Amino acid sequence: MALKTGVQYEESLRKLNLKVYLLGELVSNPVDHPMIRPSMNSVKMTYSLAEDPQHEDLMTATSHLTGQKVNRFCHLHQSTEDLIKKVKMQRLLGQKTGSCFQRCVGMDAINAVDSTTFEMDEKLGTEYHKRFLAFLNMMQEQDLTVDGAMTDPKGDRGLAPSKQADPDMYVHVVEKKPDGIVVRGAKAHQTGAINSHWILVMPTISMQKDDADYAVCFAAPADAEGIFYIYGRQSCDTRKLEGGEIDVGNKQFGGHEALMVFEDVFIPWENVFMCGEHEFSGMLVERFAGYHRQSYGGCKVGVGDVLIGAAALAADYNGAAKASHIKDKLIEMVHLNETLYACGIACSSEGRRTPSGTYLINLLLANVCKQNVTRLPYEIARLAEDIAGGLMVTMASERDLKHPEVGKVIEKYFQGVASVPTEHRMRILRLIENMTLGTAAVGYRTESMHGAGSPQAQRIMISRQGNLEQKKNLAKELAGIR
Amino acid sequence: MALKTGVQYEESLRKLNLKVYLLGELVSNPVDHPMIRPSMNSVKMTYSLAEDPQHEDLMTATSHLTGQKVNRFCHLHQSTEDLIKKVKMQRLLGQKTGSCFQRCVGMDAINAVDSTTFEMDEKLGTEYHKRFLAFLNMMQEQDLTVDGAMTDPKGDRGLAPSKQADPDMYVHVVEKKPDGIVVRGAKAHQTGAINSHWILVMPTISMQKDDADYAVCFAAPADAEGIFYIYGRQSCDTRKLEGGEIDVGNKQFGGHEALMVFEDVFIPWENVFMCGEHEFSGMLVERFAGYHRQSYGGCKVGVGDVLIGAAALAADYNGAAKASHIKDKLIEMVHLNETLYACGIACSSEGRRTPSGTYLINLLLANVCKQNVTRLPYEIARLAEDIAGGLMVTMASERDLKHPEVGKVIEKYFQGVASVPTEHRMRILRLIENMTLGTAAVGYRTESMHGAGSPQAQRIMISRQGNLEQKKNLAKELAGIR
Amino acid sequence: MALKTGVQYEESLRKLNLKVYLLGELVSNPVDHPMIRPSMNSVKMTYSLAEDPQHEDLMTATSHLTGQKVNRFCHLHQSTEDLIKKVKMQRLLGQKTGSCFQRCVGMDAINAVDSTTFEMDEKLGTEYHKRFLAFLNMMQEQDLTVDGAMTDPKGDRGLAPSKQADPDMYVHVVEKKPDGIVVRGAKAHQTGAINSHWILVMPTISMQKDDADYAVCFAAPADAEGIFYIYGRQSCDTRKLEGGEIDVGNKQFGGHEALMVFEDVFIPWENVFMCGEHEFSGMLVERFAGYHRQSYGGCKVGVGDVLIGAAALAADYNGAAKASHIKDKLIEMVHLNETLYACGIACSSEGRRTPSGTYLINLLLANVCKQNVTRLPYEIARLAEDIAGGLMVTMASERDLKHPEVGKVIEKYFQGVASVPTEHRMRILRLIENMTLGTAAVGYRTESMHGAGSPQAQRIMISRQGNLEQKKNLAKELAGIR
Amino acid sequence: MALKTGVQYEESLRKLNLKVYLLGELVSNPVDHPMIRPSMNSVKMTYSLAEDPQHEDLMTATSHLTGQKVNRFCHLHQSTEDLIKKVKMQRLLGQKTGSCFQRCVGMDAINAVDSTTFEMDEKLGTEYHKRFLAFLNMMQEQDLTVDGAMTDPKGDRGLAPSKQADPDMYVHVVEKKPDGIVVRGAKAHQTGAINSHWILVMPTISMQKDDADYAVCFAAPADAEGIFYIYGRQSCDTRKLEGGEIDVGNKQFGGHEALMVFEDVFIPWENVFMCGEHEFSGMLVERFAGYHRQSYGGCKVGVGDVLIGAAALAADYNGAAKASHIKDKLIEMVHLNETLYACGIACSSEGRRTPSGTYLINLLLANVCKQNVTRLPYEIARLAEDIAGGLMVTMASERDLKHPEVGKVIEKYFQGVASVPTEHRMRILRLIENMTLGTAAVGYRTESMHGAGSPQAQRIMISRQGNLEQKKNLAKELAGIR
């Protein structure tokens, strides 16, 4: 079997023995917990759509290891066409879930680890790539969701890993044994961690010699001994506990992040892909970040499509769709959203083959893509709030709507154009609220800002890749300076 | 007595007999309801600060009716200095509450109704102004909080009030009796309605002849027979029910909006200030909106001060305060915030006396002020999210922090610079979350957009006031076109 | 011969008998006129670079007609790879000239006319495509520069062509003869017209039935009987007449536009490619505009590279290169410039085959590309002016620098860092002035705005292509609206 | 006499014996030189308007020294009302000239020197203030135009004045004599220098002890022995030499900047207002810059009014005035322009009395004002170029229009709406060109950027004045951090 169905994916999660804390309690069954479930549904969509022949071309690929059909999330990009299809798949999933579907981190991690271990082995004579391919083979074979885990808590941002007051602020090797290593620390902001079968841990910054113990990359089952999770709160998260279906905005789908803690976890050597080779930590970070910055040119665009559609519906329901300023704002939203898409496509189209055969995106354009993602979705959201109108944040609750007496008043006074049921108007406004202020805003706004690296991280990369010296020479030539 | 203490204000609210629905239930004691209470605290601050000699100059004024000291919220502006002090008072309250303190709508309403009724009486020989002054005298004497109620539900935005499928989509007179009128309809988005003693209802648009029944302005006790309220949901509203103090972000203060419904409410003539004089509805709307657009150049600036301070603290706690890009972002936030303040001050300084003696702001600059408020707070919020870092939306809950075991893990891994307790960092991030995504974001973002009129409403006013013909003449003169 | 050398191109121009008015005089020898010459040099660069093996891959292509190597400017795009190479070629030429190199309009015109005539013939049974291929064959064989002429003077923008006070405000057929047609009218803003061998005239808007006489597409030699040109003034144009080399900023290169007038010009049928088929005018306009909007994602990016390099040099020469705000502004300039490039690449990569075999760009993304071009170069220019410093616009002239006494004072006081000659600093500031205020600003700013259609034209296309209905369905699905 | 007429001003300039180099030649009669004359006309307007009773209130003031009526440009601000009137006067002059009218630098200089010398004398026991008042008395009595000269050439921006390779990169004292001092150096970018009677020199940065010789402030006649000027080139400057009246855009008015060189100039002690008191150089710079940053909230707004009017006319003449996107762009232009005005008014209204009695603007808001001026005029200009259309930069010359044959063709094809003469359309487009690309663009764009200090200078001041610590305390209070 190389492709799980959605149902099989859900069942496979039930078999895991994850230790998850949420709102101060240990969760016995994460899959069915109403706050977690919508995020699981989003990941599940990455399996379900792959079953659909209509989406086969985007959702699946042919494994370069086995020649078998695999889910594209388990695939190493073999061409720029693969890179482009990745972005299109992400846009599709953003459209279908209106949320973060979480599985990208694993895909981006395997592509980065592949080429980095290959080049590290070439240079240092290590044999990490072989181990990695064995892991990849299992991942493809079992169609696993893998959490690519990079971001450490970091403590004081002004200090290196080994200089922190607490040595555990970055994941590090605390013991090397004949059969493996023992690691300690934590990974923060772990997207989709609770919905993953395995985790693939990478260092979070370019390490120096003193930080060699922190230059560690490995894979582990998500429920390995010593690993546990603390679920992150999101804006409006407990609306999912209220049992209704309107006020949540997007009843079926969502995303999540968690803190993942390693309390002296044992990792056998076969699952270790870097251990002390600090000089390759930078390459790994740069490539993972590069792939992930490309990703945002797909997924956030798909979510943006939903938000634009919702705003257009709100205008229809308000009876304002023909106003020229409304039409112009919708055009602007499309323009900004497609600008992000253009960046996602361009960094893919301009990708290049690395020595391992895996294709890497154009790093400059991928960073430009993400930098735009830290800005344009905020403006798209602002315009959506403009079109939606104030009712979005002053509207009565679903329970009021269902109330035998009050409900009639709400039906009457929250009516927009006469032909549209008040409930539809409420639903669409709650969806916009969800995406601009609520649980999905976490993904569409704050994670557009910080996911795959905060804005300044992209600026540093743009500075490095921008080739100012060549540009100076062009100017000198034309100015007649010799 | 012309000044209530904060305590007296709270007690006076308890004596009201308001009918309030919230989350599908009738609330027995709004003052102490944990979801409503913080908004009451914000209004209470307008009384408490007036008791403080340090703030007396801003918070109080001398009544032009009685010569007594009154709360500035009950005062008619007698000079441009008064207009400027209004803005400064609002900035102060924004700083103290980090929220919408709600009482401005009443202040802006009395100032607009005063000059409009005066000029209407002059032109039409009516006697509304005298009635209005009697109401104002009571308001000042009892230091009342008044809800200036303007916005109707509006139904289909493309249709006039009298052309709506349901005639009640705008408040209107359904019967005229010898002793008063009977009104029906609703007012939406009513800021602070549940914390008000009286309501002062105004028409929401410039009416034509066919809509004369909708051109109605009157005052009524907030608990008059036939009036009831449906409380509006806010992002993260139920965190206030959780009993903690960190996750709410701002435990003490908040704002609220509600739908206010009039089921055939009787208004005695002495409280009616317009009834059918549709040709003056536009003036009343324009002036109320003008004053309220000025207000945003004060209150939102004060809230912005808090958000800038919170972002600066987050940078300190992250150990990132010295990074040049962080410093630059804080400068940008200050710059944008002070730009709004400059607009608030300028439209006040350029105010002018109306025939009744009450001062009106400069309408062009007040609209420019509000138009900027529909944009700049969004950018300030974006920059705050940038500086805060992703932890703001992935952080574990207060309950986790209080958990005997998990709490230690959180203390350890959410630590920033070693000298700052993790709890402090969590508190400041939750405050930023509150202001950018949570309950206060409703006030800082969406209401910055739509409060006092949506962006397009300001653009129409800017178009009207911009005097393009004079500008064309300037250009012709210089271009030598005669 | 299928490739002219630069020298051959220049010689071929001399053989033309163009009638050109410039500053009120008939120009006897346009090629050597100091105001025109730099624009000729820019076009010449499209020939010279094609001679250079280093640039052969971008600058040339294999004709699908003859299999011969032709200049890419004469080529019909046979793949998305061709579309991408087009953009890269344009960026290269922008870098080499810092100017508009003018030859793109012809390339974009032949690609649009090819597919449109093919589809028109298929539908209407006409035989325009065959004629067009004959023309194309000659163009490739002789390596011609062709002016793709679209924009009519348009008169009153509110009126259709046939409703104008003067019927000649759009080019139209005034007579049909057995052997050809007679046309009258003018084409405005004709980029590179004086440097072209032939012109390829297209209608400028989608025509209705009443405007059938205006739906005309044809080719003519640039010096055909009845055609003449009036040269357009540019900011700082006469600096080129001063004889110096510093104050012009970019001594060697430039661009130009001209009004091209048709005084009853006879066109034999073999050169007519549309005559009355108004229903295909829209397609032709849309495709030409689409190709040309793509073009700007290449050429303006190349010019932007020069401007960024010049700003970076100015910072070096001022001794300010290490200031963090300077570094950040350069990063922002690169970011914005690469965003344009990403759009140029993306609309190419997402191109598609048309029935004639010629590839068309993705129209939505090409319009998004151009829309960004109407904004981002302005911000890049603003940042360049920021970095350059005020000296750029207050600096003494080249003649002062060359003055025996004053020159020493200028050397002394306009010195920046001690190691850089004052003249170098002056040269680089004049280059920035040239690109932000001078002759090249016409290309980098105003033509970024209006070339290939004014901003609103792109917004209309984005509106048409944005597929709002599909987006609404996505939102309905997630909001649970059925 | 305390008020000169415009004619008297012009005559008084003729009596000066200025040494001015322009385009490599010594100018014998600057007043009548066609490149300089328009800038003289702009300054002359500050005299002519003061003669007009309609503008008396803004243009004149009552001297606090003599009680006589003086031109406001010679006045020390005695109240916030004076500060506001200053801004309004500047807007008026910007409207009347569409240019920089140059006289502000002197007004801003005297106000800064007044309060600084007063406070310096108080602290150090010096007697500069008395000397300064004598100078001021003469200035008011003779209604002089004074060039407030601050900016030095600065050489390497990374080095202090005394550390420069050439010690003359900042103006400094080279000799102290019993009767006065000898100074050497230059002042760059001197606005209106050639149109001034006297110059008032100030240091350009906060000096340290080592730079004490550079902490020098003094007044001198503009034609003092040893002073000479080198005129700065502007974009399109030589169009003023062509003799026409259309292509210059704004025939009558302009501005200029020059390099002012001091070759060992002797200054008697009575005209020395600071000499070595380096600890007061910072205050003087900060206050002059503050006043001058306020100024831009007036003058640039007036110029903006002209540009908006010109764009509106262009739309009328193009037949596009009713298009909703055109109307919206004009609204945006007004909005941005009035935002600048609001900042100018606000920093004035919030001014405060200094110990000398002279009123100082609010420094934070003045810096916010100028920071906005470095941005918003660029967007206003961009929108003007959008509305104007491409013809602005491709239009034939005035000589072509006057040509007996070609002129008819131009009349025909450059016609917009039929009711407007083509020449009018050409005039208005040339005016827009003048303001966005030509001589006036130097003032409206680049000097908006760098005049009164480059953008980063304002950011440093905003950082200092922004009071982050107070803001942090507000946030701590609300977050419950003690």
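For clarity, chains are labelled A, B, C and D in written order, and residue numbers in each chain start from 1.
Going forward, a residue touches a chain if its C-beta (ideal position, glycine included) is under 8 Å from a C-beta of that chain, and two chains touch if they have at least 3 such contacts.
Composition by chain, UniProt nomenclature: A, B, C, D = Aromatic ring hydroxylase.
These numbers come from a predicted model, not from an experiment.
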Message: B-C versus B-D: which interface comes out with more C-beta contact pairs?
response: B-D
Task: Going by C-alpha centroids, which chain is farthest from subunit C? Tell me that one.
output: B
- line: For the pair subunit C and subunit D, the C-alpha centroid-to-centroid distance in angstrom is 38
Rounded Å distance, subunit B centre to subunit C centre (Cα mean): 52
Field: Inter-centroid spacing, subunit D versus subunit B (mean Cα positions, whole Å)
entry: 40
- line: subunit D touches at least 2 other chains through residues 325, 328, 459
Query: Mind pulling up the subunit B residues that touch subunit C in the complex?
result: 324-325, 328
Task: Enumerate the contact residues on subunit A facing subunit C in the complex.
output: 84, 95-98, 245-246, 249-253, 305-310, 312-313, 316, 327-328, 330-331, 334-335, 338-339, 341-343, 345-350, 364-365, 368-369, 371-372, 424, 427-428, 430-431, 459, 462-463, 466, 468, 470-476, 478-481
Query: Can you name the residues of subunit A that touch subunit B in the complex?
result: 21-25, 151, 153, 155-159, 165-166, 168-169, 186, 188-189, 230-236, 238-239, 242, 247, 257-259, 261, 318-320, 322-323, 325, 374-375, 378-379, 382, 385-386, 389-397, 399-400, 402-403, 406, 409-410, 412-418, 433, 437-438, 441-442, 445-447, 449-451, 454-456, 459
